[in-house]
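Okay, so here's the structure we're looking at.
The first chain written gets the first letter, and so on, giving A, B, C and D; residue counts start at 1 in each chain.
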Amino acid sequence: MRIPIDARGVYPIAPTPFFDDGRIDTASVDRLTDFYLASGCTGLTVLGQLGEAPKLEHAESLAVATQMIRRAGKLPVVVGVSAPGFAAMRALTHEVMARGAAGVMIAPPNTLRTDDQIVGYYRQAVEAIGADVPFVLQDYPLTFSVQMTPGVIRRIVSELPSCVMLKHEDWPGLEKISALRAWEKEGALRHVAILTGNNGLFLDYEMARGADGANTGYAFPDMLCDVVRLSAQGQREEAHDLFDAHLPLLRYEQQPGVGLSVRKYVLMRRGLIRCEAQRRPAAPFTAAAKAEVEHLLGRLARHDRRAAVGAA
Amino acid sequence: MRIPIDARGVYPIAPTPFFDDGRIDTASVDRLTDFYLASGCTGLTVLGQLGEAPKLEHAESLAVATQMIRRAGKLPVVVGVSAPGFAAMRALTHEVMARGAAGVMIAPPNTLRTDDQIVGYYRQAVEAIGADVPFVLQDYPLTFSVQMTPGVIRRIVSELPSCVMLKHEDWPGLEKISALRAWEKEGALRHVAILTGNNGLFLDYEMARGADGANTGYAFPDMLCDVVRLSAQGQREEAHDLFDAHLPLLRYEQQPGVGLSVRKYVLMRRGLIRCEAQRRPAAPFTAAAKAEVEHLLGRLARHDRRAAVGAA
Amino acid sequence: MRIPIDARGVYPIAPTPFFDDGRIDTASVDRLTDFYLASGCTGLTVLGQLGEAPKLEHAESLAVATQMIRRAGKLPVVVGVSAPGFAAMRALTHEVMARGAAGVMIAPPNTLRTDDQIVGYYRQAVEAIGADVPFVLQDYPLTFSVQMTPGVIRRIVSELPSCVMLKHEDWPGLEKISALRAWEKEGALRHVAILTGNNGLFLDYEMARGADGANTGYAFPDMLCDVVRLSAQGQREEAHDLFDAHLPLLRYEQQPGVGLSVRKYVLMRRGLIRCEAQRRPAAPFTAAAKAEVEHLLGRLARHDRRAAVGAA
Amino acid sequence: MRIPIDARGVYPIAPTPFFDDGRIDTASVDRLTDFYLASGCTGLTVLGQLGEAPKLEHAESLAVATQMIRRAGKLPVVVGVSAPGFAAMRALTHEVMARGAAGVMIAPPNTLRTDDQIVGYYRQAVEAIGADVPFVLQDYPLTFSVQMTPGVIRRIVSELPSCVMLKHEDWPGLEKISALRAWEKEGALRHVAILTGNNGLFLDYEMARGADGANTGYAFPDMLCDVVRLSAQGQREEAHDLFDAHLPLLRYEQQPGVGLSVRKYVLMRRGLIRCEAQRRPAAPFTAAAKAEVEHLLGRLARHDRRAAVGAA
């Protein structure tokens, strides 16, 4: 199955679960995938920035992606294939597509500056991986230092039919969604799915701006699914109530670097992965930070019983 | 009065109020200053990044700073003097100190990279402005692209006795506060005040980590004062309850660029400044964004009646 | 006099001469200006990046610019007015234009990334200084981290009639000159003067690509004048012979940071300024570096007797 | 054989030769290696930044490295193993060391900023590849945006005994060599080889500052060998005469991006590789640029008959 052009809902960014000794925890990979399915996720993304992709040997990357693709069954699985050169990007793309991936996600290298450089990069990436492979354009200036205007995104979408989704993580980013959707309405831009990132920090307003859902790794993807569903059903205040209850934790988890530690810790506390372990390099996760996360979970549990994870 | 070494509480970053035609609205300068006093603020900062300092003529900068210093009476007023060269920094520093400023705030130029460059810059800045002028070290990597480790801050504090306060805006930043306070406890670092920025996004946990308060521009500085006070009194859950109610708006206001528009709009809606006008260049503030802010205010008003600002 | 649209020749970037105690050496300002006139320079630029502009008090900046403008007589004098805000840029522009400046030079702030941001910045700068003030567009990515494609320069030149000159310092940059001149030939771009920078490092080939001359601070502007003249007269190999003789020193002087020390030292050794002093901050200029410069001058003197400056 | 701690001379950065259809030209790999041996090179580096390493499939990288290692016989061959993650770095390192590589070269990722981040990165890299693998520290701020002070280099050399060579490409960089050698003289730093880069742009003075030779890709490595030898023999002016004759071309070849095109073109014209072809992405190399290179070769041939390559 390929990424549908009218994708919507929640594509969580899957972490890669490890045991404390650094081996991949394949049972947790299955448990996590099953949980995404059960939560109402409509797709998922593996080997993203937060999936610790660069810490995996090539064979491990393939194994994790393949396992998730098989386990996810009918759900489309997108694989991150960003690489310092097109040779590696092409190789991984062909391998995962052959194993049933729904498409790939490509982030821009942080050396790109001008509009032409950005468009040129994606043109060459498509030449490398093949125009038949659906790809997700990742627009994440905070991490990649590459700033794409709406006009640049329009150029990429217009020139490259295999661009089927925007992973939108600009900050601020609400006006960008509005600008793209206004062009679409005017017939100046074909439709692509817009799923938003930034851990969901603005999901409460992004839906009304025209986003189709979320493509991010917050440790309660089930909450993201609920917010998207409530928004779609017109239950706006209910969506905000649920979102606001999660915002203190969500904001805490969105911190660069340490965020992945928080995420894995919460997933472990929820019983979804067995260990919070990361491979190195990893930001330190101190006792003070853990206590803060426990405090946040405790406060959240008053509003959402999914956060009632018992004593640490 | 000079910035006290044991400063604590809230030093709001004051915006510069304009009329719609771009003239400075001096009545609003007074109203705002009076409000800060009445809210329990313990100091204030003018001509910061968000005070639109670079858009003011030199004479205007002096006039705004002088008016605030006089109106604030016993409150210490810190003046932002960051400049592309030491000549301009020295000139403005001497002028505002002569008019009663409590000290100055210095941000690092975004070309600094190595530890030695950063320390060297502050050493030269102190030579330029004089070692008798108390200064606030602004650590704001997100905006200035300069990363100061705890070790660099310790070097600056140790070498330069006139450094009396850290405006802490690193992100993530909680561990940095803990590291500095741990050194202080061990006797490895003298005490400096740590007031936090980032619009207060982590103030709820920063207080317990050892921060002395906030030095930021959120449009409800009275809430920041309450959170600092509740934290100091040990009413931790009450502090979190109040903070969490504000977090949806606070997070929205913390967006780069558009954040100042939100802040001025809310201050206007609260009756604290007359116009939301900014001088150019200013990020656009669309009707959709305004409606979102009104929605956020409406939801906030259910928890904090200070947000009940009536219909727009 | 205004910068002519068909400017050509050499506009040296003038350093600001200081005494060892930091005072401005006005006699050297005059001597330098007279030398530029006598050398065949066709204009000059003051208060550039290398004129130590940020180290001058405002009154000093005005004084230096005014002295050069008066002394230069019929030569057009361009004044650098780059500033962190439009208020300061406008103020300085109006003051120097009132004193007879031929135009101003504006560098982009290093936070600009997208094509639209760059064009928008210059649009707003022109609104600030007035559309009647001729300006030089400085394209210097190595120092300012702002990358302007030929297309962006075309947009700026097309939208803003007061843009009359490009100070071209991209690296690599030869193809950019060719691209702009090709558009001009096709009628797709109006003519603007292109004077090149980078200390003249590629002047030998830039002339044939379509440059009109140089706008840089190499300590032998008389050599630059000769190369431009020989090129214009079709004496290409003679131009290269002279240029190549200077290249070892020129390359040495082009080093970031220390380059200004080398330049001032050589100008002092040539008797054109009295002291090599810089105001702080200044890169260290070690004894080893001085000995290397003397060695370079000695070797150069075998080919160009202007370098025969006697024993140090 | 391992990289000797007292390495000296010239380690050229080998390009990867391709046919016009993109296949690797193994005959040219041999010819190039033989030429390096015959020219007096004392080692060589493959899969560097300019070896188009990211454009190779993994198997191709291994094949090229292995071929060079075998062909080079007694010459130590260093392999570039920079990668976005330690997993890939470790894998490639182990493969090439098993095939006889003398060590590896590691460039810092361009996200590193603080001194601690830089030192920490190399500490983790050594943990990943093993403390028994000699490595070359690449200090190239212009390309990697990472600034290493002499103090940081000292920390790395002191903490990590497997650091045996510095590829020095800072700009300006002469004082850095002097600083490191002064520490060595004082006994504050153990000896590591310092081979310089930047296409050799300052080799004429770097030798006297304490460099041991060059580690760069200029298309006349035989000239670099001569300059190093003449310098070592005390024939300083002869070294400068030869170097200065090459400087116009060397400077032209040092341009970012297009430099590799120039280098491959000159190597082809010298008969050392068969095609000038690069894999994509490659900077355009225009007819005008080619004509300039031919002109430079023609002028150089008057001083060095190795540049007499016949008509294009």
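Note that a contact is a pair of C-beta atoms (placed from the backbone, for glycine too) under 8 Å apart; a residue touches a chain by one contact, two chains touch by 3 or more.
What you are looking at is a predicted structure, and each value in this text was computed from that prediction instead of being measured.
When the CA atoms of subunit C are superposed on subunit D, the rotation angle comes to 180 degrees (nearest 5).
Seen from the C-alpha centroid of subunit C, the farthest chain centroid is that of A.
Here the CA centre of subunit C is 33 Å from the CA centre of subunit D.
The distance from the centre of subunit B to the centre of subunit C, with each centre set as the mean of the Cα atoms, comes to 39 Å. Chain geometry summary: the mean Cα position of subunit B and that of subunit D are 48 Å apart. Residues of subunit B found to touch two or more other chains are absent.
Taken pairwise by the contact criterion, the protein chains are fully connected, each one touching every other.
Contact residues on subunit A toward subunit D in their complex (touch as defined above): 53-58, 60, 83-88, 91, 110-111, 120-121, 124, 127, 279-281.
Remark: subunit B residues 113-117, 147-149, 151-152 touch subunit D in the complex.
Remark: subunit D residues 171-172, 174-175, 178, 201-202, 204-205, 209, 240, 244, 247-248, 251-252, 255-259, 284, 286, 288-289, 292, 299 touch subunit C in the complex.
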